[in-house]
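Handing you a structure now.
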Amino acid sequence: MLPAQQGYDRAITVFSPDGRLYQVEYAIETVRRGTIAVGIKSKEGIVIAVEEKPRKLQITDVAQKIFQIDDHIGVAAAGYIPDARSQVDNARFFSQSNKMIYDEAVEVETIAKHLADQSQQYTQYAGVRPYGVALILGGVVNNNTQLYLTDPSGTYISYDAIAIGSGSDQVTDFLEKTYNHELSIEDASVLASAAIYLSSEDREGTSHIRMAQIKTKTETFELVSDEQIAKYAKTAKEKYPHEKK
Amino acid sequence: MLPAQQGYDRAITVFSPDGRLYQVEYAIETVRRGTIAVGIKSKEGIVIAVEEKPRKLQITDVAQKIFQIDDHIGVAAAGYIPDARSQVDNARFFSQSNKMIYDEAVEVETIAKHLADQSQQYTQYAGVRPYGVALILGGVVNNNTQLYLTDPSGTYISYDAIAIGSGSDQVTDFLEKTYNHELSIEDASVLASAAIYLSSEDREGTSHIRMAQIKTKTETFELVSDEQIAKYAKTAKEKYPHEKK
Amino acid sequence: MLPAQQGYDRAITVFSPDGRLYQVEYAIETVRRGTIAVGIKSKEGIVIAVEEKPRKLQITDVAQKIFQIDDHIGVAAAGYIPDARSQVDNARFFSQSNKMIYDEAVEVETIAKHLADQSQQYTQYAGVRPYGVALILGGVVNNNTQLYLTDPSGTYISYDAIAIGSGSDQVTDFLEKTYNHELSIEDASVLASAAIYLSSEDREGTSHIRMAQIKTKTETFELVSDEQIAKYAKTAKEKYPHEKK
Amino acid sequence: MLPAQQGYDRAITVFSPDGRLYQVEYAIETVRRGTIAVGIKSKEGIVIAVEEKPRKLQITDVAQKIFQIDDHIGVAAAGYIPDARSQVDNARFFSQSNKMIYDEAVEVETIAKHLADQSQQYTQYAGVRPYGVALILGGVVNNNTQLYLTDPSGTYISYDAIAIGSGSDQVTDFLEKTYNHELSIEDASVLASAAIYLSSEDREGTSHIRMAQIKTKTETFELVSDEQIAKYAKTAKEKYPHEKK
Amino acid sequence: MLPAQQGYDRAITVFSPDGRLYQVEYAIETVRRGTIAVGIKSKEGIVIAVEEKPRKLQITDVAQKIFQIDDHIGVAAAGYIPDARSQVDNARFFSQSNKMIYDEAVEVETIAKHLADQSQQYTQYAGVRPYGVALILGGVVNNNTQLYLTDPSGTYISYDAIAIGSGSDQVTDFLEKTYNHELSIEDASVLASAAIYLSSEDREGTSHIRMAQIKTKTETFELVSDEQIAKYAKTAKEKYPHEKK
Amino acid sequence: MLPAQQGYDRAITVFSPDGRLYQVEYAIETVRRGTIAVGIKSKEGIVIAVEEKPRKLQITDVAQKIFQIDDHIGVAAAGYIPDARSQVDNARFFSQSNKMIYDEAVEVETIAKHLADQSQQYTQYAGVRPYGVALILGGVVNNNTQLYLTDPSGTYISYDAIAIGSGSDQVTDFLEKTYNHELSIEDASVLASAAIYLSSEDREGTSHIRMAQIKTKTETFELVSDEQIAKYAKTAKEKYPHEKK
Amino acid sequence: MLPAQQGYDRAITVFSPDGRLYQVEYAIETVRRGTIAVGIKSKEGIVIAVEEKPRKLQITDVAQKIFQIDDHIGVAAAGYIPDARSQVDNARFFSQSNKMIYDEAVEVETIAKHLADQSQQYTQYAGVRPYGVALILGGVVNNNTQLYLTDPSGTYISYDAIAIGSGSDQVTDFLEKTYNHELSIEDASVLASAAIYLSSEDREGTSHIRMAQIKTKTETFELVSDEQIAKYAKTAKEKYPHEKK
């Protein structure tokens, strides 16, 4: 920690002399400390996946870092997970309201902008800290796959494939090298598995991988079964034999 | 205490340069300073147990760290107990409201999420400190045993067996080694007694052990009598002869 | 004062790195600085007593540290007495409301919980300091003697006999050694006198002892007359000849 | 000023590690810096008196530190006098309300408690400083003389005779030695004069003495005339020839 | 500035260890830095006067430091003049309200108390600083001359003659030596001129003197013309030939 | 910056030990850092002028530092111009309200007092900083020319001619030497041009001079055309050949 | 960072001794750290352009730093982009309201003033930080091209051509040298491309250039296609062969 930073990071979010918002940067650091999360768009639908490290007696029926927002939209989170839940609840309510008002499924971008707008406000107003979480929102609306990233700064951006959390720089490099627009949803799921192996300390088992798909055909969020994940993971290890770090 | 922490822990909950929320971590430290609490799921119901160290003239009819939320749900707490009471009151009110609105017994997860959501808010908004307590919520709904942990960060997770408070790392190791899904409620109660002996300074008597059961058969919260605890404890000492620390 | 504490005790109640709430601990220190107060349960009713050190021209008709809450409930306080008055007013109002709503005398535990809940809130929310007082609440409801302690942390616990304030550790030891469940109210009053002599600098006179009884027979709060106190005190000095400190 | 106090006295009223409320203690110091005020109960009524040091061209018709609350109640103040006025206004309004609601003259204790309750609140809640004044309230209700002291801590206590402000320790000693319950109101007025001479720098003239009486016979607040004060003072100097400090 | 004062004067008005309210004392220092203002009572009415140092092109039709409150009341101010305007507006509104409610001219003391009460509040509550101005209020009501001083502490006192602002100690000495109750309003006006010469750097001209009179005969506030001031000033220089400082 | 000032200028506007309001003085320093603005009263109307330094591609149709308030009133500003806009909007609304209520053109003094009152409040209440701008308000009402200055302290004063902003001391000296009451509006406009040349770094061109007139004849605010300014400037350079600094 | 600045930049926006608002200056520094944005007025309409540096898998259909406000108005932003979105949403709502109230297209200046007024308020009131973004607003209303800049201070100014963000000083110099009023919209688009090349690290490709036009003929905001940008860029590189830095 440099002495020049002293004071700028203690109080409510304020600008430093070099024009930075330290509290926002620290919140992004919280995201970087979280386990990896990835989202990949395929021509057949969206895949989102996260690494979860359950304790031995933890019941893993329910994913901690993957959430369903609506029939057709899911979220993968990295960072401070209780904050993710707060944003997910907000998104679910917003999505239902939208459906009731407009009588059609909400666009993923509409939700991403809604969450990002709230995140921006939490960087500008006193009495609240910024969110400490980044979200990958994926969904299919009217045959159209959509993948968005939101972060603590209030930014939201659309990607073909994106990784957040610990090791995301390395994983993003990997995705940029291997991604192409002709991926089937199976290919994308294998790629997502490979991405998690790349960042994780556990490069053998699959109990630490959680995955969900929203297929273009069904436009429906589905958690991928442990058996299916195991198959994807096996293929991933063959196809992308990462060297050990 | 490291100098680098100075300032991040004084004011309202804010991020440190390494992306941590110190006030939340300190609140979790408050939990770690509390006496041990355990929750164990068995095929016949839930067992929760705590260590209480009453003063000599204290009247111990009423458990200080075990609370009933509803007919079918109980809580074991570790940390700052007045905060536990605040959350328990909240849970009781929420549970009754739920019953009146939906005319059916509330799920344990619904309450766990409700309490965790409030805990998350107390880490994000100014004018309030985070809760200094972790709760083990156990219950049986529609023949279904449920065991949840909430903590000051706003996290809630389901477990087969879990320990919180002083010595919980060691106790968790013990539970992970000994737990299996075929435990009867008697087995689970013996295991809970053994868990408390493992953490406690008092490894002989039973006056410091408080226990409650919610049996699948009755779906009803019941405090275990001192006599019954003594029997469980006797078996525990025979079956799990922990070595002295 | 240790340097490591600097900062944690200045602002609103926050957690220290070791998980402590210093403002609450300092408030409890305020209680420890107060003169001794004791409460003792007997089979014939409750006795509460305090030490008061009036100035010479002070009118001592009205006790400063013993309060009546309702017909059947009294309080003995140690610590910052104006705070005690604030809590007593709250308890009186709560007790009357309770009587009007339920048409029966309020339980002592109900009041103890109500006061403790407020105390807990004053440790969690900004804009207010914790209460600097501990209270011994004693009463008889439906032939049932009840004795409770509340403190600045928001804890409330039931006791057979309890002491708070200056020298309370020593007095509690004494009570634990001498207390038994077969005490008559006379015995308990003598014991209370002895307890105050143990802590007080004045070990001869009785002008510094204030006492109240709530007898099981009458279920009515009564201040004990100075003459009666003198008799209890005389017996106390014979029966429990504390050595001079 | 000791370094250990740094920080505890700056912000809103908070506890110090040794359980003290510095802001309250400093407010009491403000009282000690004020000129002397005394109140004395006699069998014929109440006497209150203050020292006032008017500037030469000040118009002294109106006492600055003696106030009438109601027909039968008066106040003598020491400390920060604008705060006294605020409390006096409060007391006047409270007294009139009381009369309208209950159709009888308010008790002095009722007012003393009301003012002390407000003072206590000003030590506990943020956004306001404690009062910097102590008040001696004296009155006669239903043939009953009443004399009360309130201070910045929120304490109120009844006395036969009491002094506050600069030199009050010495004056209190003097009152304790000379006071008896058979004083006539003339005796009490002489004693009050003597008390002020004891504390004042001016031990000859009487222009710095203000006095009021509430006689049992009339139950009416009356300012004592300068001529009458001169007589009391003359007698005081003969009867209580304090040695020069 | 002494180091011991550090901290007590920064935040909201709080007590220092020696019982002082520094913010109030600093506000009074603001008054002392203002130019001189005087008020003198005569048997024929009130005179108030101030020193104003206009810049060369300033239009001096309107006095900056003398204000009319009502037909029969005027104010002379020293200190932070924008604050004076705020209090004067308050007084004007209060005076009109009073007239409408009671259908008679308001007493000067009533206004003085009203302004002082507000000043006291501004020393006790957070979110506002004390007023930085002292006011001399003079008026004639029912043939009765009244002269009052209010200051930032919330004190108000009646005087025969009073000076505030720069050099007011010296001027007050002068007034105390020269004042008598038989002054005509002409005499008082001459005395006021002399008082301003005593404090001012400009001891020759009269363009820096502003004066108003409220005569007993008319009970009406009137600004004194420059010609008339010149006559008073000429007499003043002959009658009170202050030596040069 | 002197060390003794540390602390007084950080928080909300508070008094320093020498009775100064540093935040107000710093706001006035902001005014001094602004480019020059002047206002001059002539027998034929008011002239206000400012220096503006547009960037090369800036569109200069709209003056940045001269504003119209109403048909008959204009403003010239120096200091933090966004604050000027806030006050101008306030003045426009106030002026229209006034017209609607009283059905006549508002006096300039009425607006000046209104703005100054708001400025005073912004020096006294928490949660807002003082305005960082001074305003010269000029107008003609009922054949009567009026010129007022308001500043961050909440002061408002009437002048025949006044300058604010960078170099205003020197310009004020110049105005005091050259001003007379017989100036025609042409003379005043030439004088205003000369005043700006005196303070400006650009002593040749006229693109940096903005000017407005409110003529007595029309009682209407009019911006002066660039051609006309050029003529005034030419005459100014001949009549007042300031030496180069 | 100079030590003298310590303290002025931490808390809510306050003045420094030299009359500066550091928080505003730091917010402007945030703008300077953003990538370049330019706006150019031509006789045939407005061109706005920004540099965006998308990550490899980012979907670039949607510009991040160019926004449409209404049919006829667009915005280019530099600085903290989530803040830009907040202001853009505000502008869109304001623009629609305006249309509904007045039934005509809103002026660009009206929106610029509205946004700047909000920015000014965020520099004056507590509880919010200033905006960290500058906006170039361009539009065509009634055949009239309008180009405005707003910044964090609350300033808004009209320009023929303007650049903000990283390297804007150099780009502004370039625009001042090359701009003329006879530019066609094609010319202006080429100039905008050249401006971005001048500031950008990428001086070859065009994937980092985003551009929009509002033509006078259509009065409609249109994003420029990548193909068209490539053509403009090619011409720009030929016509303005900047030397490598």
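Letters are used for the chains, namely A, B, C, D, E, F and G, taken in the order the chains are written, and counting of residues starts over at 1 for each.
Heads up, the rule we're going with is that contacts are C-beta pairs under 8 Å (C-beta built on N, C-alpha and C of every residue); 3 or more make two chains touch, one makes a residue touch a chain.
Chain identities (UniProt): A, B, C, D, E, F, G = Proteasome endopeptidase complex.
Bear in mind that the values here come from a model prediction, so they are computed numbers and not experimental data.
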Chain copies touching (subunit C, subunit D) - same or different residues, decided at half shared: different
Copy-to-copy rotation for subunit C and subunit F - C-alpha atoms, rounded to a multiple of 5°: 155
Centre-of-Cα separation between subunit G and subunit C, whole angstrom: 69
Subunit B and subunit C: spacing of chain centres that average the CA atoms, whole Å: 31
Contacts with two or more other chains, residues of subunit C listed in rising order: 10-11, 126-127
Arrangement of touching chains [line / ring / star / complete / other]: ring
Parts of subunit A lying in touch with subunit G, wherever the complex brings them together: 4, 7-8, 10-21, 109, 113, 116-117, 119-121, 123-127, 147, 153-155, 157-162, 172, 175-176, 179
Partner subunit A, residues of subunit G touching it in the complex: 1, 5-6, 9-11, 22-23, 26-33, 55-59, 61-62, 64, 80-83, 85-86, 89, 126-132
